[in-house]
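Input: one structure, supplied below.
Lettered A, B, C and D in written order, each chain numbered from 1.
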Amino acid sequence: MAKLYFYYAAMNAGKSTTLLQSSHNYEERGMRTMVLTPKLDDRFGEGKVASRIGLEKNAETFEGDEDLYVWIAHEHNREKLSCVLVDESQFLTPIQVLQLTLVVDKLKIPTLCYGLRSDFRGEPFPGSVYLLAWADELIEIKTICKSGKKATMNARLDEEGNRVTEGEQIAIGLNYEAQSRDVFELDKVTPLNYQIPES
Amino acid sequence: MAKLYFYYAAMNAGKSTTLLQSSHNYEERGMRTMVLTPKLDDRFGEGKVASRIGLEKNAETFEGDEDLYVWIAHEHNREKLSCVLVDESQFLTPIQVLQLTLVVDKLKIPTLCYGLRSDFRGEPFPGSVYLLAWADELIEIKTICKSGKKATMNARLDEEGNRVTEGEQIAIGLNYEAQSRDVFELDKVTPLNYQIPES
Amino acid sequence: MAKLYFYYAAMNAGKSTTLLQSSHNYEERGMRTMVLTPKLDDRFGEGKVASRIGLEKNAETFEGDEDLYVWIAHEHNREKLSCVLVDESQFLTPIQVLQLTLVVDKLKIPTLCYGLRSDFRGEPFPGSVYLLAWADELIEIKTICKSGKKATMNARLDEEGNRVTEGEQIAIGLNYEAQSRDVFELDKVTPLNYQIPES
Amino acid sequence: MAKLYFYYAAMNAGKSTTLLQSSHNYEERGMRTMVLTPKLDDRFGEGKVASRIGLEKNAETFEGDEDLYVWIAHEHNREKLSCVLVDESQFLTPIQVLQLTLVVDKLKIPTLCYGLRSDFRGEPFPGSVYLLAWADELIEIKTICKSGKKATMNARLDEEGNRVTEGEQIAIGLNYEAQSRDVFELDKVTPLNYQIPES
C-alpha cells in the first residue's frame, strides 16, 4: 500500500544521503524513481541532490506554482514510477503537499519527503506544517547537537559563526547549525514573544 | 532526560486510555503526575479525562490564556512532579506549547501531550502545528478506518450520521469518525481549494 | 496490507490495556476480532485478558501444542476476522509465531502480539525471539522505572519484595517490577556469566 | 542519556551508509567516534566499512573472543569517545552484546549497532537475538522487495542467481537478496519444519 512518508530532521543530519540511498535501493531492483528538489536550492548546482559526504544525483527542480500531481501523473503515465522522492520538502507549498497526498492515494505511488520541521527562529515551514499533519508516517533522522543531546532545531549563523535571529525564513547558502532545543534557546528567538515571568 | 512527547492519533483511537495508563504507571511507583485538560472539553464533566472504554480520572482544566509554565512550576515547587500529561492537546495555544517546552527544558519534567493532528476539514490545529514542530518524540497511536486502512483524519458527522464539511474548527460534542485519508476525501474538503485538472 | 505487529514492553506498562483498546476500536466499527491468551496465565481466571486499571474481556486460551494457523483459519472461514490479538505473546512457541506469520501472509489478517522481550534474568523468551525477528513492526509501549529512566527489564520479587535471580523462566503470579537495564544489573543476573575485568 | 540503538534492516538497505553518515555527524562537531566491524567480513578489505553507493571509512576489526567493553573503555580512557558504531552487528556474540550494554550503562557512551535480524533461512542471528532483547531503541531502516512490499528477510543466491536454502549461517561474499516475508516463503525454508495441514 502506497504511503506518504515525511522523514524529518535538523540540518546536516543526512537527509539527502538517506534520500539517495533509498532511490538507489529502488533503481537497483530495476524500479524507476523520480527525484524532486525545489528550484531555490541551487547550492550544488540547479537540479542536483547532493549529500555532504560525497554523493550526488540529478534531480528535477520544481517551483512553488508547479502542479506536482499533474507532472508526476504525466511521468507515471509515460513510464511506471515506483517511488517519488522530494528533497528539501519544507519548501513545498501547502497545495503541493496536497498534490503529493493525491499521488499516493490516487496513483498509488509511495512518496518520500525529506525536510526540516522548523526555521532559524523555530517557526514551522508551511510545507512542513502540512506534511506533519497529513503524512502516513513521520520518521525522524537523528543527529547530534554539540551539547551531546539530540538536535531538533536549526540555528542560523553569519560568516563569523555568530548567531542570527532576524531575517527572512528562507536564506539558502547561509550557515546553519543543528542544535538541541535548549541550546537553541527557543523562547528567546521565537516570534511568539514569551518570557518566563519573574517570581 | 526529560522530553516533550506528542502522542497523536485520529478520533477514538484510545488517546485518553493511553494517557490514563501512563499516569497510572507513574503513580503506581509513588511518583506524582499532573493531568491537564482544556476547559472547553466538558463532555465528561468539567475536569475529567475519560476514555470510551470506561476509565476516568480527575484532571486540572486550563483555558487558552493560562500560563502553563508558571502553573506547573508552582505545583512542582510545592511537591515534585514526575510527569505532566495533557489531554486534547490540539487545543493548546502556540504559546502554551512553548511553555511546555520550557517545562521540559528548564524544569526537566517529562511532558506527554495527546491530541489530534488535523480538524474535520484536514486543517492542522494551531496547538498541533507547534507540537509537531517542537516535540522531541512524535508517536502515533494507531486506529482503524472502516475501510480497513489506518485512520489518520477526522470526519465530522451530524446527528443523522451525514458528513459535515462547513463550520467552526472546534465543535465539542458533535460526532466524529476516524477515517483514512482517501475515504475522508481530503482534496474535496480542505480549504486549500485544489482540484485535479481534467486531462 | 496485513502486518504482524509486536508491541513489546516491560511488565505493567499497559500492554493488556492497549490490546483491549485496539480490539474495542475494531468492534466499534462492526469488525470482528479474536483475542488469544496462553492457558498458563490464569491470574485473572482462565480465558480473560484483564488490565490493572480495571478493564477485562473474554479471550480464547491456547496451549503450546495448538496450531494457531488452523484454528484462526477455521474461525475466519466461519465468519470473517478483521484482527487477531495475542496477549502474553512471549509464551508463544517459535512454531506458533511462524503460524501467525502465515495468518498475516496467507489469510491477510492483521495480527497484533503484545508481550515481554526478556525474563527475570534478561534472557529473551523463545516466542519473543521469533516475534522480534519476524514481525513487520516492532513498537514499544513505554513505561517508567523507579529511577526515572525508561524500564526495559523485568525483575522478579519474592513475597517480601526481595529480588529473585534463580528459578524457572515462567512463574506466573510472582511479583515483577519493571526496571531500567542498569537498575536491573543485567551483567549480574544474566546466565551469560560475564564480569568486567579488574584493571 | 546514552542509549544502545539497534538499527536493523534487510540486506542492502543502506545500513553502512547510515552508519557512515552518523559517524560523520559526530566528527563534524569535533567529537570522536570508534567504528567496529567483525573480522570475518572482509569483502571491502579488512578493517573497512563500505557502502554500496560509494562511501567508505577505516574501522577497527574485532573477533568473537574480543572483550569489547575492555577495549572501548581503554580507548575512551585514552581520549574521550562520543559514540561507538558497530557494523554487521549480527555477528556479535551474546557476551559482546552484554559488553556493549555496559559501554552504555557504565561508560555512558551512545552505541549504535547496525545489522540483520535473521539469516538466509529466517533464523535469528545470535547477536541479533540479544540486541533485539536488550537495546534501548529498535529502529528499522526500510528497504523494498522486488514485489513492491517492504523487505524484511534475506534470501541467499548462488552464482546463477538461484535460491540456496541449505548451508552454514555465515557465508560472506555470496549473493543475498532482500525479500518480503511471503516472497521469501519463510514456512518453506525455516528449520522449524512446519507445514500448513491440508484440510
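Some notes on this structure:
What we mean here is this: a contact is a pair of C-beta atoms (placed from the backbone, for glycine too) under 8 Å apart; a residue touches a chain by one contact, two chains touch by 3 or more.
Just so it is clear, the structure is predicted and the values come from calculations on it, not from any experiment.
Note on connectivity: the fewest steps through touching chains from subunit B to subunit D is 2. Chain pairs A-D and A-B differ in how many C-beta pairs they share in contact, with the greater number at A-B.
Note: centroid distance subunit A to subunit D, computed from Cα atoms, is 28 Å. Subunit A and subunit B have CA centres that are 25 Å apart.
Annotation for subunit C: residues 1 touch two or more other chains. A ring topology is adopted by the chain contact network, closed into one cycle in which each chain touches exactly two others. Chain pairs recorded as touching, per the definition above, are A-B, A-D, B-C, C-D. Taken together, the subunit A residues at the contact with subunit B in this complex read 1, 67, 69-70, 73, 94-95, 98-99, 101-102, 105-106, 117-118, 122-124, 128-130, 132-134, 136, 138, 140, 149-150, 152, 181-182, 186-187, 190, 192, 194, 196-197, 199. Subunit A makes touch with subunit D in their complex at residues 12-14, 17-18, 20-22, 24-26, 28-31, 51-55, 82-83, 142-146, 148.
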